[in-house]
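Should a chain be cited, it is by its letter among A, B, C and D, assigned in written order, with residues numbered from 1 in that chain.
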Amino acid sequence: MHKEWVWEQSFAMTESVEEIVTDLAVIARGFYARGWLLGTSGNLSAVVRRDPLELAITASGVDKGQLIPKQILMIDENTRVLSEHAAGDSPGFIRSSDKNHTVYKPSDETLLHIRIVKERGAGAVLHTHSLWNTILSEVHAGERGIQIEGYEMLKGLEGVRTHQHSEWVPIIENSQDMPALADTVSSVLERHPQAHGFLIKRHGLYSWGKDLAQAKRHIEIIEFLLETLGQTATLKSRRS
Amino acid sequence: MHKEWVWEQSFAMTESVEEIVTDLAVIARGFYARGWLLGTSGNLSAVVRRDPLELAITASGVDKGQLIPKQILMIDENTRVLSEHAAGDSPGFIRSSDKNHTVYKPSDETLLHIRIVKERGAGAVLHTHSLWNTILSEVHAGERGIQIEGYEMLKGLEGVRTHQHSEWVPIIENSQDMPALADTVSSVLERHPQAHGFLIKRHGLYSWGKDLAQAKRHIEIIEFLLETLGQTATLKSRRS
Amino acid sequence: MHKEWVWEQSFAMTESVEEIVTDLAVIARGFYARGWLLGTSGNLSAVVRRDPLELAITASGVDKGQLIPKQILMIDENTRVLSEHAAGDSPGFIRSSDKNHTVYKPSDETLLHIRIVKERGAGAVLHTHSLWNTILSEVHAGERGIQIEGYEMLKGLEGVRTHQHSEWVPIIENSQDMPALADTVSSVLERHPQAHGFLIKRHGLYSWGKDLAQAKRHIEIIEFLLETLGQTATLKSRRS
Amino acid sequence: MHKEWVWEQSFAMTESVEEIVTDLAVIARGFYARGWLLGTSGNLSAVVRRDPLELAITASGVDKGQLIPKQILMIDENTRVLSEHAAGDSPGFIRSSDKNHTVYKPSDETLLHIRIVKERGAGAVLHTHSLWNTILSEVHAGERGIQIEGYEMLKGLEGVRTHQHSEWVPIIENSQDMPALADTVSSVLERHPQAHGFLIKRHGLYSWGKDLAQAKRHIEIIEFLLETLGQTATLKSRRS
């Protein structure tokens, strides 16, 4: 509780669109450098306003290592672009470096971000495509999830107080039918109210937090633990 | 289709030689940092003009982590250097830091870049020497290619709409006879019209796109998927 | 001896709080970039004054890749925050970028830092959560330590003169009872007077030095050797 | 031959002490970032004058990620420091950031650098402590060397014209008796006149070139190929 209060200060708190956009760009470049957002993959979002919902989210198909403010869109709960809340300076979504006007579009997965914001009350949602979340989402698909327990790193997950905590990371089948996938996400979130993230098979990781600082922390922790499990499985077999 | 149109905006579009040269240098430094262009390996090119063909391409034997504009050459379809289109400011190819005049030469592999530009109508061609493309090009040489399917990341490849897509990455025998190798590349491109890239055994990966943004995206996606396959093969054997 | 004297010059020596704070931030960002301090994990400290003891230490739950001076606290030997020695410019612990006042708290593990400072006479203590220290702390838990010998890199550990040196890195059971864990640390340090660091199972590595330069060197060496042991075990089994 | 002539232009050519010192610092920081010079390990040198020999070499025990000009020493062929040729601005070897005067000393391994400069006519010698050169120097110690053949990357080694080249990387037993080790190095260089580098068991890699550009290229190529061999051995066993 006190700890949580400290957590929420551990990153540049942002209220204005400009500050959220800056933090999204900083996180995007850092995760891209780690190889978690290669090939324009992944999506990052943060809540700008709750009622009515306004979400700042990275546009579809943009290079996360090159992210510029105008590539972050303001959308409503129906994924409609609210152009009058365009990030960065007007006019609208024209890239400073463009010779021609560019209209960026939200990713199809924006639906999943909105679902998570609503059902978890999240203030930020981050989605990464890392080597190890892709690998383990396939290796453990049969069990429909991954059990992680006994690691100190787990204490960084909101509300966790001991390394003895057991975290279940659900794995969902991948699909291109976004409304159907969003419904699956909803039911998984409902069945696993304690989960801090979930995997989509051979696709990637979703995690979230009350703000960007907490969501970033959760992604880093789950990515670290997934690689730890993968490399430990390899090494241990060596010794038996 | 709409998606493709968004894709092509996802990177600084460039028309002028100066802009192409800047983007090539940015990509070179980024790929070098990932270990994909060590030891002066690899080549990067982009089309400056179609008719007659003018290609901007990295010179032979230059450090990709230190790339400067004068190390990018303008060549014609016969790989002749068009000195009057020298990148950077005159005079010609003299390095600002040189005590003596340096004449940079195009790589022998320039032939392959031109072949890909002509047969795929590519606007940019990128060639990397990564750890995992080198390893898998040997491990799968017997099958003469690598099948990649079922990964969401595949959707980042131009024209792919679902993770259920099956991508075949052909593997070509390496050779120092460039005209012969170029002919092999032509026949492989013809036999695999859907391929987004190919491997040369124990040598490296070639991919391309309609512009530098798309070619960069394709390289990042194929490199990511090759490492995923390699690490998954290792991990899975652990468990059986 | 002469060597030691040179060692202690091998990093920006710092006396003032401002210089210590700068070096802690530089080390934090560097280790974070290597993935040794993800998810706000780990703690870094340096002695500002010996008598009475004043320790500069990173606050609980702060992003090590974003560390700013005000997130480094000055504490006494009872882990009380000495606000009048607040790092950075006044007023107190308010983050420049905060909209509201933030009070940072020392980590629970501050107790371990103080114990190491007192029992080893250390001038700096660094604690990392790396992939390989987490993995080997589990794999070797049964032996309650890891033997490292025969590596040239060992010579970088203070007082070691040959690669034939045999270093024992003790492994301690993890616990959330900090006073109890601190006592365990004390007895381990007493039983292993030559040890340059220790592991806490599935938690992380602690190392230290006479100053930040030496502590940084020790962490880098032990992390390097742990990964070397892990990857060697994997590769060797390949060949047998 | 023509190729060689291009090679030697592929990096900022330097004549003055100031330029050599700058290039050594750039290479040191880059290799440190890759984890090849952790814990103050490794040494980098370049010839400033041939007759009498003057060598610029990194001082013992300095942080390669923090290298400053005054930590690069000018020595003669007997490893004596030529203070009157001190790098950087006078006075002598006092670190700008030091509160007290610091006298940096050459590493004991300076002897090996001088031996390589004399016996290979090298203009630069680089010594790295990477994860994979440490691992393979142990794994292949029984064969007293590592055979590398069939990789395109080999063509980046000076004088190599085809991937069919077979490179033998000798492995020497480690020793703290530097004169004896230097003699062993001499006899190994004599027995293997074509070698571009050698390993010292559980210690590290030495490579060299006619200038810093070529030596940097050789280190990057050999490090890349050693990791390729190590990871391939792991993966292949997976499949048999």
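Simple rule for what comes next: a contact is a pair of C-beta atoms (placed from the backbone, for glycine too) under 8 Å apart; a residue touches a chain by one contact, two chains touch by 3 or more.
This structure is a prediction, so every number in the text was calculated from the model and none was measured.
**Q** Which chains lie in contact with each of chain A and chain B?
**A** none
**Q** Would you mind working out whether chain C and chain D touch using mostly the same residue numbers, over half shared, or mostly different ones?
**A** Mostly different residues.
**Q** If every chain is reduced to the average of its C-alpha atoms, which one ends up farthest from chain B?
**A** Between chain B and every other chain, the largest centroid distance is to C.
**Q** With centres defined as the mean C-alpha position, give me the chain A-chain D separation in Å.
**A** Here chain A and chain D have centroids separated by 43 Å.
**Q** Would you mind pulling out the distance in Å between where the CA atoms of chain A average out and where those of chain C do?
**A** Chain centres of chain A and chain C, defined by C-alpha means, are spaced 30 Å apart.
**Q** Enumerate the residues of chain A that touch no fewer than two other chains.
**A** Residues 234, 236 of chain A each touch two or more of the other chains.
**Q** Can you name every pair of chains that touch?
**A** Pairs of chains that touch one another: A-B, A-C, B-D, C-D.
**Q** Quick one: which bits of chain D touch chain C in the complex? Just the residue numbers, please.
**A** My answer: residues 35, 38-41, 59-63, 65-66, 95, 97-100, 102-105, 129, 131-132, 134-135, 138-139, 174, 176, 200, 202-204, 230, 233-234, 236-237.
**Q** Touching chain A in the complex: which residues of chain B?
**A** Residue list for chain B touching chain A: 2-3, 6-7, 9-13, 15, 30, 34, 150-153, 156, 161-163, 213, 216-218, 220-221, 223-224, 227-228, 231-232, 234-236, 238-239.
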